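Both complexes shown next keep chain A, but they swap its partner, so chain B is in the first and chain C is in the second.
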Partner chain A sequence: MATAMLKYAAHRLFWMFPVLFGIGTITFFLMHAVPGGPWDETKNLPPPVVANLNHRYDLDDPLLIQYGKFIGNAARGDLGISYTFQDRDVSQVIRQGLPATTILAGLAFLISVGAGIPLGMIAAARQNTAVDFVSIALATVFASVPGFILGILLIMIFSVAWDLLPSGGWGSPSHVVLPALALSLLPMTFIARVTRASVLEVLGEDYVRTAEAKGMPPLVVHYRHVLRNALVPVITIIGAEAGALLTGSFIIETVFSVPGIGRLFVQGIMQRDYGLITGLVIFYATVITVVNLITDLLYAAVDPRIRYS
Partner chain B sequence: MVLAKQFVAIAGLLALVLIVACGGDSTTTQSPDSPIRLNLGGEPNTLDPQLASSRLEISVLRQLSQGLLGFDQDLNLTPLVASAVPTVGNGGITADGLIYTFKLKDGVTWSDGQPLTAGDFEYTFKRILSPDIAGPYSAMFTAIKGGEDYLMAPDAEQSIKDSLRDNLGINAASDDTLVITLVAPNPTFLQKVALVAGAPVRQDVVEQFGAAWTEAGNHVGNGPYVLTEWVHQDHITLEANAKYWGQAPMQNTIQFSMITDVNAELTAYKAGDLDIAQIPPGTESGILGDANLSEQVLAASQLTSLALFLNLTVEPFDDPMVRRAIATGIDRSSWTEKVKNGVGESATGWLPPGLPGYDASVGSAYDFNASEARSMLAEAGYPEGEGFPDISLTYVEAGDQGLMAQFLQAQLLENLGINMGLTPLDPPSYGQQVIGGRQFGATLLAWSADYPDPENFLAGLFASDSFLDITGYASEEFDRLAGMAAAELDQKIRIDLWDQAHQVMIADAPIAPFMFVEQYFLMSPNVHGLTLTGVDGAIPGDTRLAEVYLSP
Partner chain C sequence: MSGLPQSDGLPGPRETSSPLSNLLSVASSWLTWFRGSKLAVVGGILVLLLVVAGVSAPLVSPYAPERQDYESVLASPSVNHPLGADRLGRDTLSRLLHGARTSLAVGVFVQVVVLAIGLPVGLAAGFGSPRIDNLIMRVVDMVYAFPDLLLIILLRSIFGGSLFTVFLAIGLASWPTIARLIRSQALSIKEREFILAAKSLGCHPLRIMLAHLLPNAMSPVIVAVVFLIPRAIFAEAALSYIGIGVSPPTPSWGTMAQDGYGVIFLSYEQVLFPVLAISMAMLAFTLFGEGLRDLLDPRNRRR
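On to the complex of A and B.
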């Protein structure tokens, strides 16, 4: 069985490359099709300077040649150079931004899973009680407040009014708290709601009633039969959320001035930094593909009915 | 309210857990050694003086490097590394205006203690013109002998580039004398030398570290501060330069953060994390109405003009009468007074206050007068706006330009009966379509001085042969006056020529002047000694930040 799983994983990893190639190609041509280039600004540069810049960055080559160079370099793991940060290449820029994004996403992931699953289980176990209503009400509130408003609200409360935490920036553990919180609340409520629904569904299954009828202690029933089965849909969500947290902190990173890659991505698009954007998209695509693979493998670990071959 | 309470409760609980877990620490205390905490508004793309162009890069670089010349508070040239501003009188400029001789001050050193020589400036000015560097300000230095040939040779063989470089009219005659030869008189040449692009870089450092020479640890400069930390995308720390040859800075440390969101910047200021913060454009009236914060407001006029640029190559703006009707039909004061609460100044001319050649009376014919504007429009064939072609206002959605566009839309409808659509664009699309492609009807454009001279506001934008002639304006009279001014060495006559050119242009109305921009900041009461100038970058007072000190 283990070898079957390994073969499956290898197969999936192999298919990652055509997927990344396709994504890289689409992004490359899309970006070049967007009006305006990296040197177009509201105060344009003189023609000789633009000519020199195009020459320096090979932008005076025909588009197909540029594409060939891009694919060739990417195949060797070289994501090219950033047009905005003229002294750094894209891999370097990503490496510099990655730690902040990873820490932020990791903590947000822990909060959303660590709080979301228990919250959902409690709500399900105490269905239609005050606990249930409160947690569902909270879930609805957090799910409907956009991240940037939540972020500003957190800053107003914890930085401005109470002066407990810094309003933005990076460097100490206290800097991570507010952005991680702002980032985690939406997925947390999402996970809580899916957990609740899933647990409720499993609680109504015949095998649970059978186990209870056999006189099995409720704790064992809940752990062995309810939780394990209820977690299958939750894991799908968690997998997707892990990818989304790592790749979806654009707004939160901007609001809290976190030096991560999400903020870079937004800037890259605004400044038509072709190199940075294609590089980041390939990076994001890799992350999401790998996370999806891990999620699929976890299914098998949790649900014995699922087998890969 | 109930929801808010629940929200506070749960968020508070979670945060409490995390604070305990992480051991949070955010208390700030003021001491005489406290850093000056400023926000750049983003990550500098580069800290290489010959590559830098954005206002935030300029603000950092002014602390790290000093060129031959700078500007004082009245925007006069002032010597920095040069011992004097060259003039014909002191022998620094030849009578024909072609040869400039810069004498360096004694004892000027780099931050690693090495002496700074004229040879370093020779390297620097040759580097500005390098086609391989492709610096944004390179084209301003093509008056230097051989400069244009070198700059325009990106495809040339290395050996040819080397010989073009060696033949540039830039020579260190001795360790303390730099001689620059021009091909033609260029009366604003010294102002260009005073740009940040003219800040010296050292050959051995650039060659040793390559592009990474601007990183903390590698960087060597000659300014009052040195770069001790550059955490990309997060902050830059500067410490006083122990080897500084001028007056030592008052405060030992400057910390630049990189908060990109203007509202987050304001929040950081309110939380006590910044000493100076920009007031988000469009929210000034709220701050000015706040009893506490209004005491901390700092108003900075920044040599920035804003106007409605009209595309003279399309109907109906090819008709001067239509353009004059629009210029007369905008009630500018209701924007500055009612919408902006007094921030900014109504403009009927294009040269901003503080700039040599500024004349408040220019364009007074366009003082708001709705009935006169309507009769001009009727004379042009569009009574009450009837039959007026479909037009659109293109602008960049940034700051309060969206609000301004809506205001102008309402003004034209109300005062002239003209229906104007709105087309917001992001900066690169705007650059390509409007500035590069002239695909627009009307556009909002703000222009800030690169160097404080009317030439910088008029020559590029309105000369018929300029790549930046956005409106398609072509006037023989303007071109004639601009051509004379560009070669006139007598400052008084030169400014007078630009004044005439300005009036010719305004009378033809390729633009409807709107306002002179002011930027408002909040400054903590314990910041002292700040000096604002018209050429400040992103940080107000950045030309003399070394004189700023904090009270405990």
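On to the complex of A and C.
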């Protein structure tokens, strides 16, 4: 059992590399297919200056040489240099934005899981009552309101109308509340819906009827038999959401002026900072791949019916 | 979903009947079902309203969407400007109506791109030899590993330019869902007896693919495509909001939200209305899609 799992983990870990290599390659060539160089946006530079800059950043090498250098550096964890933040390389820029993004995503994750699972359980326990109907209706509505729209609505209520919380910026705990809420509501409704469906499915299983029939107290049945089994599919979603929260916050960060990686990415796009964009895409892809791997392993660990293949 | 009437009028297997009677029986079962499902009816009506608003925008808009009236900069809703005017004095209602055209165009044309890539790729993977299948699916996996919006932004920054490249960027990031779905459908349907029958009658493989396999694989594909519409609408709004979507003279709800957000402390209407419009459009297509899913794919009926 344990060896099968190790083998599976090793297999998945091995496959991470070709996928990341592919993503890095696609991104590199996409970014170099862009008409114009990174210096186009700035003032009209005289050609010798542009030539000098290109030489300084190795942009005058043949494409394949540049590609080889890029892959070699990326393999060693060096994601290259940013053209806008000239005193720092991409890895430093990422490290600088990481705390804000992590705090934001972490809090949003806690809210979505901490509220989503209980809400789903309550809705399932009161299936077909008004509570269930209202929560499902709300979940459906919220599921179609994107985070940045929700963020704007939250700002309108809590910053403009009531003047309770800041509409943007970073530095104090009050700055985290609104963006974290805006980021968490969508995954929360999703988690609640899956939890509800999963609990309802488990409630109909034979082993639950057996446990009830042999006279076990309802509380024990609910916690030991229903909840444990019902949470198995929820774990997969939670994992995917963790990855999505870490990498999907760039619009929320832009709306709330949070100095995180997401806003850096959007700024990089605006400034045509190809070095920063390529580095961030690889960083994002790595995070997603690793989170997916952990989720799959966790999923297999909690559900003994799943075989590693 | 609780409270949803369970209808038996579902489209049955369609191997034997003629296309016309097929269509009629499917249409009648849809009608029966739509009458019973409030969800799909509400979604359908909202979608219809959106389409009517978009199509009739040039006729019913009180002003041209880019007409600036400096006397009514940031005007509150009034008889002259039913939903107020923005910071350049442009009528918000007129811009919202024209914005519906942009959102609908994105919603529809992105799906054209998605199907144009997803259908052949999915069919090739499902029908080809295992080696071709494996090769295609690894490429699909790679595109799938990109976060959607990230890839769209990346493609968008490369293409630059027109509304067409917005369709293209969103479509190029969204097709893997459809390709995977069609592949799995093809894999399961190609083992069925009627395909064997068609083969033994000497049917050309291409004909088997297009005339026998595709129509039978369509139901879940239609549902998935409808669910991609609100996501495309969202992607366009988000792109326009951060300033790399539809370029300024074309009215877009995302651009309007961004404009309005800049003056949120002066006039909340300018951000509220476009934001509500985006949410309503997404809700409309999501409800409609859920109705369609319950109808076409009874196995996926939500509890």
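Just so we're on the same page, the second predicted complex is superposed on the first by the 286 of 309 C-alpha atoms of A that agree within 3 Å, B and C clash if a C-alpha of one lies under 4 Å from a C-alpha of the other, contacts with A are read in each partner's own complex, and residues count from 1 in each chain.
Criterion: contacts are C-beta pairs under 8 Å (C-beta built on N, C-alpha and C of every residue); 3 or more make two chains touch, one makes a residue touch a chain.
Being a predicted model, the structure only gives us computed values, none of them experimental.
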item	value
Fit-or-clash call for chain B and chain C when the two complexes are aligned on chain A	clash
Contacts of A:163 with chain B and chain C, given as first, second, both or neither	first
First, second, both or neither for A:149, with chain B first and chain C second	second
Touching partner for A:176 - first (chain B), second (chain C), both, neither	first
Touching partner for A:27 - first (chain B), second (chain C), both, neither	second
Which of chain B and chain C A:256 touches, first, second, both or neither	first
Which of chain B and chain C A:55 touches, first, second, both or neither	first
Touched partner set for A:272, first chain B, second chain C, both or neither	both
Chain B versus chain C as contact partner of A:44, first or second or both or neither	first
First, second, both or neither for A:136, with chain B first and chain C second	second
Chain C-contacting residues of chain A that also contact chain B	34-35, 141, 152-153, 155-156, 160, 167, 254-255, 270, 272
Of chain B, residues touching chain A in the complex	3, 6-8, 10-12, 14-15, 18-19, 22-26, 42-43, 45-46, 48, 51, 131-136, 138-139, 142, 148, 151-152, 154-155, 211-212, 214-215, 231-235, 257-261, 263-264, 267-268, 270-273, 396, 426-433, 435-436, 445-447, 467-468
Chain C residues touching chain A - in the complex, by the definition given at the top	1-3, 141-142, 145-147, 149-150, 153-155, 157-158, 160, 230, 234, 237-238, 241-244, 257, 261, 264-265, 268, 271-272, 275, 278-279, 282-283, 286-287, 290, 302-303
Parts of chain A lying in touch with chain C, wherever the complex brings them together	19, 22-23, 26-27, 30-31, 33-35, 127-128, 132-133, 136, 140-141, 143-146, 148-149, 152-153, 155-156, 160-161, 167, 196-197, 200-201, 244, 247-248, 250-251, 254-255, 265-266, 269-270, 272, 277, 281, 284-285, 288-289
Residue numbers on chain A that touch chain B, as the complex places them	34-49, 51-53, 55-56, 84-88, 93, 96-97, 100, 111, 115, 134, 137-138, 141, 152-160, 163-174, 176-178, 180-181, 254-257, 259-260, 263-264, 267, 270-272
